[in-house]
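Here come two complexes built around chain A, the first alongside chain B, the second alongside chain C.
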Partner chain A sequence: MRIRRSLALALLVVCAFVAPVASQTGTEDEGSEISIVLDGTARSRLRLAVPDPAGLEKLSPEARRAAEEMVDVLRRDLEASGVFIVQGPDQLAVLDLTGDPLTDYLLYESLGNKLLLDADVIEEPGRLVLEGRVFNLASASSVLGKRYRGGFELARRIAHTFADEIVFYFTGRRGVSLTSIAFHSDRGKSGNREIYLMDYDGFNQRAITAHETLSMSPDWSPGSDFIAYVSYLGGAPGLHQVELRSGRKSAILTEGDFNISPAFSPDGKAIAFSRSVGGGNTEVFVCNRDGSNLRRLTNSRGIDTNPAWSPTGREIAFTSNRSGTPQIYVMSAEGSDLRRATSLGRYNDGAAWSPDGTKLAHSARRQDNNFDIAITDLVTLETRYLTESAPGSHESPSYSPDGKKLAYAANLTSRSGTTTQIFTMDLDGGGRRQLTRYGNNFAPSWSGYPKQ
Partner chain B sequence: MGCIRSVLSVLVIAAVAGGCVSTSDIEAIQAQLSDIQRQVLLLQQQSSSKEEVATLRDEVAEQTDQLLKSEAEMLVGLEQLSTQIEQLQANLGDTNYRLAQLSQQITATNQELQAVRSALGGSLRRPSAPSIEPPEDPRDLYDSAYSDYLAGRYDLAVSGFRRYLESFPESPQADNANYWVAESLFSQQKYSQAIIEFDRMLTSYPDSEKTPSVLLKKGYAYLEVGQREQGLVQLRNVVRQYPQSDEANLARQRLRSLGVDPG
Partner chain C sequence: MNRRMSTGWVWTAALVLLAGLAACGPKKEPPPAPMMEMEKEEAPAEEVTPAPTPSPVGDETPAILDGDLMAIQERITRMGLMGDVYFDFDKYELRMDARERLRKNADFMKEYSTLVFGLEGHCDERGTNEYNLALGERRANAAKDYLLSLGVGASSIRTISYGEERPFCTTHDEACWQQNRRGHFVVTGRTDR
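Take a look at the complex of A and B:
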């Protein structure tokens, strides 16, 4: 069932060649303790050997570079998925491989591996063919086979696609290797802040606005085809959007003193945001995609801001200082039935919903006035801190679409001073990975899954 | 669905690893396996997704063949037993645990399986699969129903909160439980049923702090089903009875947008 699921990637020719996995596993897969990963905890990580592909030395230099990058990305994706512990050429170098598959399987197994990813790379004029098979070492049987063909420039994309396919096979959950992260950065020469995009692993960073003013707070539309953001274009901060395919930009709502922190509703029809109502007071409002049908949801004397829609679209979390300190509240999407979500600490802000709708990630100020990334369970109202042991301040968490990772912005102090950079980490605070390096980078927003 | 396959294959591996097993052990395995198959079939029946059911059925059939084959091998020798059997039993416990987790996952991921929990309550009462049983602790029951509401599993939320109301009618949380029943129905756009539940709240818990929200949502529900006059009455009620509340502000705004003086 899984393997037959087709990948509609316009530029890739994809075909499954090792066959009907579903029926094969029934008769030949006795040794299989695999695909029992239900929660992705360290306990259930699978060891997977990924040696360099055969035939590398036969490739042209350009093809070889692409092929090496492809396998490198594949290893990183599989390791980052939290499902596998990957052994690459460095760890496998101790083995005296014979070239006889059955003997070599035993050797791979001797290092604790349960699985082997055996890849072949073939060069065709101007493009690469990747043939990858995953073997269950205990039963010496192939459990998954795929063939991808594409230009050298698609090496990373092919690797991401294959990695997600493998993750899906073993977990039933879509991998996030093909997702993107939006953020804003001052890295340009003028120091203006523009909206940027990057792949989930930090590659392929590019600006998608050039307003040459302050642009910030990107938020993805549910189909990952638009990004709403705030820009000072025209003088006052207003809501704008960009269609990613065409690059076309349009204003959503610019009248009023300011309109900030847009958040798409899960059905994509509405945008919640924070709007000045005068006298230093901001309230949470909702409008349609085109700025029409403006409705006010909150009424407090204090600041109400940073709305975030729950995945069901029935709740909105936001930050309010109505109690005297900034805390996170949840209300129904109509604005009624207010409930306070955070109670620990004197400053909680920037809520992001977990994809299952039961938790909020947010920033929480600690004793030294730096911020931690925290997760508050909306059912038990218990709060867990993820970055307590790390120096510096951590803000603006955003969940990956599978709910397994958070992107966030954190201070980084080096010899040249302190900058803010974007990182990702696992939900236990481990597996931290720095994605940006130039200028200051803020407000990451993780996309949903790309359309299939 | 592949998870079911692997759960079953864990069983088979365990059996193969055991090597030689006595007849009674095999019977025990068979009993466990057919039990698991029953559970899988039960889950299938509750799924209306035909493709998944068909795939599952094929997989179960394959696993059965495989087990029979393994049994034949096992009957060859009846000597070394004990440690492997312990291992096998541990694996079976693990399998049951995973099956329980699996059934929860199916519950969570398949909107069409929303009726599954109440049905499972009666038929899957096994000491080794505690997580399938309905929680009896009031807090657990309430929390799991609220999780279901937050996750958008509204049918489960409604049945969970109703069970809570039946089991713990005097609880200080009872008004909230009733509110979430109504809100779940409202979220499913079952406005007429939501109105009945909002009314029940107003009658049963007149002093609930949720009352302004109930009046407002009841008004919205009437507007949704096209009963404008009833809707306006409810919205005016909120403004009159709770003029200082957030809900009164929302009601005033809605009345104005309908071209009505909020008074």
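Take a look at the complex of A and C:
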């Protein structure tokens, strides 16, 4: 199944072309219009019109469904990127478009748009061709043009790829539309938990384990080709891994009664985890990738658990109750230079490093014993709470690889009861998007960028 | 006068008893023997039958081990022979009621020393999932350590933490949360077969 998928991807022909209009336009002109500081606030976002593509009505029903999905995903990706405010057909319906490009550019601009994404969709037997161009409306020039070709089933993938190209053009950083999120879910057989994967927008959810026991706490390898996780296979919680391409699973460390919370080092050579030593005392350890060469990093009578590597691999954050309540500490990857990172509140756990290494996102218990997602600055030690206004509990934050978003698990109460679901949000707590709906879903882990 | 003296004696006895209880905390250090003697002293010596098996459990002896593990488990559950122990919010220290329960469990485990028990540590949903795994491990081991201090063989117990992943109760209130903060015993094997 996976192999067929890769073959299909290989067929996805991506060819950029330089639009004739763009080649005639001076680069200075584009630059002056578009060089805006993008900090993700609404004020700095670029308004981008994305009307429906021309030629939809000429497509076969199947192609049309795929094309419509493609453009819909493109709009969502661009909006979710935090770079653009997208105007779709609903907002653009007020315009009396003429068909003459220059006149229409003025009309798009009249709604505040700086940019226009003009897409054409052409059907070939069994596949679609998407030609997309981004126009700078002020200069009436094409700044980016791309053509993608692929089977109908690749509509989402094509949209994600194009969206990331557009984000890269305007920000110089890769978009995250092609990334994935691992998590665990009890949606299958009652009481069991399996490891699942989904696209960053919640689509394409599928189980990647079928151990029929508790399997949880997934963590991506740096190349996004393996996932380490905890499973109670054989009775006791141990460290296991699955290679995503082949689906092959193997044990990393099952010796001992209690090995949990695996975290790949950024160079992929080591795994930090926690392990019970004499009398249920959980301590943080590091082992080689194959489970050998165990080194103990912490030594306290309290609980030490849930390690997370800094992006440089030089430090490890973890949770310890050595002071009496669970708090997050940072130490060197050798276990030295211990310092406490969280001081506000009686319970902080689940540290995740921001990709730039300056902050820790974590769960922070509030007065009503629910948890907020918080971000603690490692320099100022100031803590900011992102979900205070939301009811219920929020846990297990995980940064997107561009550091612009967090995935997390939160309670959702409806008429049928309270469940735990996975969401993503922006770093200001806005832009919340629910990704899962079935069963309870926990412990999201956001992948790195896929290999190019 | 006489009354005051006897009150004083009772207090002294109570203190000795408390000291004995404290000494039998989770640490393995103190020998279990004094604890058991204290317990027995509470009952009038003459009324205890000379047979080494305590009467309520002893009467059931032939039946307890009949059948497969599932049948044994069912019987133990029905008769309340290996009751759960409960913990305070965020805590893994053994409460007095937990120690009392564990003393009864220890008597049963020593009586039926061929049975092997899984000792599950559970937590309520109000911690984080990852931290609760470690908390459940700590709870199970606190109970295990106390059982060992009472003379239960180490090979009779295997601890396992489920954190908050296998709750007994799924409503969101204190009654339910207390149910979920528990050490729970399950028969997992026997060494005589």
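Note that the second predicted complex is superposed on the first by the 424 of 452 C-alpha atoms of A that agree within 3 Å, B and C clash if a C-alpha of one lies under 4 Å from a C-alpha of the other, contacts with A are read in each partner's own complex, and residues count from 1 in each chain.
Going forward, contacts are C-beta pairs under 8 Å (C-beta built on N, C-alpha and C of every residue); 3 or more make two chains touch, one makes a residue touch a chain.
Predicted, not measured: the structure shown is a model, and the values here were computed from it.
**Student:** Quick one: is A:303 in contact with chain B, with chain C, with both, or with neither? Answer first, second, both or neither.
**Tutor:** Only chain C is touched by A:303; chain B is not.
**Student:** Examine A:314 and indicate which partner it touches, taking first as chain B and second as chain C; both and neither are also allowed.
**Tutor:** first
**Student:** May I ask you to decide whether A:378 touches chain B, chain C, both, or neither, giving the answer as first, second, both or neither?
**Tutor:** Touch status of A:378: first partner only.
**Student:** Under the stated touch criterion, which partner chain does A:337 make contact with: chain B (first), chain C (second), both, or neither?
**Tutor:** first
**Student:** Which of the two partners, first being chain B and second being chain C, lies in contact with A:350: first, second, both, or neither?
**Tutor:** Second partner only, chain C.
**Student:** Figure out whether A:96 sits in contact with chain B (first) or chain C (second), or with both, or with neither.
**Tutor:** After superposition on chain A, A:96 lies in contact with neither partner.
**Student:** Quick one: which bits of chain A touch chain C in the complex? Just the residue numbers, please.
**Tutor:** Its residues touching chain C are 191, 193, 214, 216-217, 232, 235-237, 257-258, 260-261, 274, 276, 279-282, 303, 305-306, 319, 325-326, 347, 349-350, 363, 369-371, 393, 395-396, 418, 442-443.
**Student:** Show which residues of chain C lie in contact with chain A when the two form their complex.
**Tutor:** Answer in residue numbers: 26, 90, 92, 121, 126-131, 133-135, 137-142, 144-145, 158-162, 165-166, 172.
**Student:** Give the list of chain B residues in touch with chain A in this complex.
**Tutor:** Against chain A, the touching part of chain B is residues 1-3, 5-7, 9-10, 12-13, 16, 51-52, 55, 58-59, 62-63, 65-66, 70, 98, 101-102, 105, 108, 143, 146-147, 150-152, 179, 183, 187, 210, 212-213, 216-217, 220, 246-247, 249-250, 253, 257.
**Student:** If we count contacts the way the header does, which residues on chain A are in touch with chain B in the complex?
**Tutor:** Per the stated touch rule, the residues are 1-2, 22-23, 25-27, 29-36, 38-39, 169, 172, 295-299, 310-312, 314-315, 332, 334-338, 356-358, 378-380.
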